[in-house]
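In what follows, structures are represented as structure tokens.
Next come two complexes, and both contain chain A; in the first it sits with chain B, in the second with chain C.
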Partner chain A sequence: MKEKLDILLLDDEAIVGNRLKPALKKVGCDVELFEDPKKALNRIREKKFDIVITDIMMPSVNGIQILEEVRKKSDITKVIIITGYATVALAREAMDKGAFDMIAKPFTPDNLRSVIAKAADSLGYKKIIAKA
Partner chain B sequence: MSIITITAGSYSKGEQIAKSVAKRMEYDFADSEIILSLVSREFGVPESKLVKAIKDIPLTVGLFSQAKQQHIIYIDTVLTEHILKNNIVYYGAIGFPFIQEISHVLKVQIIANLEDRIKNKAKLDGESQQKARKTVIKEDNQQKKWAAAVYDIDLTDPNLYDLVINIGHIQDDDVEGALETIINTVKHKKFQPLTYSLRCMKNVAMSCRVRATLADIDSKMQVKSDEGTVYIYTKAVKKKAQDKVLEMKQKVMRLEGVKHVEVYVDNDLFSTVAHGQ
Partner chain C sequence: MTNTLEFKSSFINNSEKKTALDTEGRDLLARPRFSLRLHLLLVFILFSFLSMAIIIGSVIAISSIDKKMHFVQTSERYLFEIAQARRWEKNYFLYDTNLEDAVQSAGNAKTFLSQNLKKFITVLSAEETAGMIEHLEKYRSLLQDLQDLTVLKKNGIENTEKKNKIETSLRKHGAEMVKVAAALVYKEQNSMNAMLHLIQRIPIYCFAVVLLLTIFLARFLVKRLIRPLNLLIESTQRIAKGDFSPVPPICKYRGEFTAVEVAINQMCRELKSREVAMVESHKLRAIGTLTAGVAHELNNPLNNIMLTAHAMLEDHNNLSEDGLLEMINDLINEADKSRSIIRNLLDFSRESESVSEPLDLGALVGETIKLTLNQAKVSGVKIETQIQPDLPRIRGDKQQLKQVFLNLILNALDAVEKEGNIKINVKKADSPKFLAVQVEDNGCGIPSHILPNIFDPFFTTKGPGKGTGLGLSVSHGIITMHRGQISIETEEGKYTRFTVTLPFRTVPAVLNKT
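On to the complex of A and B.
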């Protein structure tokens, strides 16, 4: 039985990742943090993560492209979109392409943790997420 | 777990389709009759006055009486809170702009041939086709003008909807055909609630609740909410602005879920001139 969730966290704003990574580690997740979407893409091609959390608006590669790449690699990886530019069209496109959920920025670490808990639940890892 | 809204002209079988979708999906059903009765119970306004608020058209665009504006705010509030619970089919056009920006709301318009609707009315109400024609056309115009005056939208614009179904163009059993189309569409992942869309819906309901709470002070104010932070945009005569802000903040802070209130005041030039202040 798996003990920790493998999470890839991608946001080109360092402050976002630096704030979220410790919050996720605290609840028992292994987090790989990326600010460069190209490096994140390479890592996604190498490793199958349980959850990928990605921003949308980034230079060179956007979050939808990340989502599409994850879908090519794995059917079960849950992709959570975090964005400051949420719209109906984006939400529907993300869901259509297989995202698990979308959260509008700004949000609190607790908001993200509850979405991670839902994702863990749907992966069958109910007890992995510990209460912070 | 989604929301389906269905709008249709009278005698287009819209209500029948909406009720059937709700039954088949095991969703709740709501229409203006249900919403108005809830509004009447909560705000103590007679249903007859609420009916007038959703039927009457102002002679000059935007110039509703203060009471009618309040009644529409109450209706919008109850409606948005009612559909917040999801798994609901709502039949009607009231409150339409509030659900426009919610991704898990499937917005459906049912259209039907005018001649078929006239025949439908004449048959159902046992009247001449001439009389039925007059009524159907009058009701169409009334609904269109009301939505334009109250929400500044054209209900006949297909861009407002995710799905437009022209019954009579599907198959012999047009209601069943429309039913299948709606149910198959809403099952698509695009219409499933997201953390983002649920938050949008809660924010919309909160903004409406704030407007209802302050409707006796200002029925024309603009309100935006985000996760318990409320932004109010109002107008006031300079001398009275401070008192108005304080009163609004005190009232809104008492609402459940409100954490912070910001009030932005523009000088009310019209009142300043009218009252010589």
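On to the complex of A and C.
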């Protein structure tokens, strides 16, 4: 088994990535950062990530499309959706389409880390849970 | 006099009853009273006077004819008596008989004349009457002389010369006497005939006058009744279109219609206040629509602040000075972003009275578009903006106009599918002294059968709970208030283009830039 989780983090706000990348590295994750959803899509088609974290409202491509694209590529990848304005309809749609969890802005790095820990748990990474 | 008294007392009554009356209402009621009832009363009185005059005139005419008839009879009697005297006189000269009778008849005539002297004097002049009397007296005295001669003759004294002389004189005066009397009869008969003729005509003249008067008065009354009604109908139509300004006074004086006017004005005031409430509720609804977008917008900077703050908390020991500075700057920038988002929302929702100020229409439209950008981003709609530079300023209420353009853009957003397009154009209008704002979408268009209703209050094509149906109605009201126009071109399934035209100020823009 790998020592580190492969994570793709997509948010059109640069600050989100800049702050989260070090926060996630601390708990033993390899994080690839994207601001442009189209570039992220290309990367998703190339590589199977353990976890994809994506904002839902972005210009041109939205989080649901990312989710669908991830599902096409891999069944085991966990998708965590970040949303700025959570509605029941949106949550249902995301869950129906196989999202692992949703996290509403504003959140703390620990909020995200505990969701990631849960995802890692279901993927079988005991080590990360211990660290978190 | 009674009018002013009545006006005073009813004014006091009214002001006691409706203390809440507005100034227009009070002005309307403060005018002198001239009611329809008074109109009718005056017409009725006029007609009564007219018919009374006609009756009195006829009575006078008939009694004067009666008098004339009597006079004609009198003069005929007189004529008969003198004619009789003359017949006896003739007999006397032919057969030497009836002289006594002639004297008798002349005496009768004399008595009759002196009995009816007053009547003769009213018809003839004093000289004529005197002439008549003189001739009669002369005639009588000649007959007397003749009688004296007859007495002498019986006694054997014959005076043929004197008799002949008397005869000539007698004939002359007799003829004169008869002539005057006959002329008198003839004249009176003529005058009586003329009067009868006139009396025959009088009903026709009266009928014509009454007919003309009736037509005139009927027209007058109809005008007094129909004109206010028409004006009221016009006013109600105007009110139905959303112009709630008070009804102008329709009659010069206070009357039955004043009460209607006062009532309509009160209704307008109520409607106006309701409309304000309606606009407010619509604004709240629009804020609700905006909130989804704004919440997302606001959560982003908030999230950034939170993440940055936590990062600082976790790593403050290992951070370089540059890293720390970067984070602090991020915090400040994100806080700024949040502030401007909230300010924009507050700007729109602020309770504001209508304020007219010089406005840069392009900038105003730009600010409004900013409010909707996030909504557009969510729906994946592209907004293209074209604002002609150096446009003259308009005058108007910033918040209200923002609301109009926000309504139009939100409608356009609703109309387009994902990946739709909204074009917003601010430019000089085709008509001089007007600016135009066009909001065009390539959405579903508006079916022609609902086109006439789209500006009606509460008309909506959106599902229950989604639209108030007030957006366009309120927008229409606001634009009309700004002396502008709002028009629409649409083709089902292709596009919808709303054009708002607003008059600009003629003062050069440079002077307004303060």
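Everything that follows uses one rule, which is that the second predicted complex is superposed on the first by the 129 of 132 C-alpha atoms of A that agree within 3 Å, B and C clash if a C-alpha of one lies under 4 Å from a C-alpha of the other, contacts with A are read in each partner's own complex, and residues count from 1 in each chain.
Simple rule for what comes next: contacts are C-beta pairs under 8 Å (C-beta built on N, C-alpha and C of every residue); 3 or more make two chains touch, one makes a residue touch a chain.
As the structure is a prediction and not an experimental result, all values here were calculated from the model.
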Fit or clash between chain C and chain B when superposed on chain A: fit
Partner chain in contact with A:Ile15 - chain B first, chain C second, else both or neither: second
Partner chain in contact with A:Arg92 - chain B first, chain C second, else both or neither: first
Partner chain(s) touched by A:Met102 [first = chain B, second = chain C, both, neither]: first
Chain B versus chain C as contact partner of A:Val115, first or second or both or neither: first
First (chain B), second (chain C), both or neither touched by A:Leu123: neither
Touching partner for A:Ala23 - first (chain B), second (chain C), both, neither: second
Superposed model, chain A: greater residue contact from chain B or chain C: C
Minimum C-alpha spacing, chains overlaid - chain B and chain C, in Å: 11
Common interface positions of chain A, toward chain B and toward chain C: 87, 104
Contacting residues of chain B [partner chain A, same complex]: 101-103, 188-192, 194-197, 199-200
Chain A to chain B touching residues, read off their complex: 86-88, 91-92, 95-96, 98, 101-104, 111, 114-115
Residues on chain C engaged by chain A in the complex (per definition of touch): 292-293, 295-297, 299-300, 302-308, 310-311, 314-315, 330, 334, 377-378, 380
Residues of chain A that touch chain C when the two form their complex: 13, 15-16, 19-20, 22-23, 26, 57, 59-60, 62, 84-85, 87, 104-110
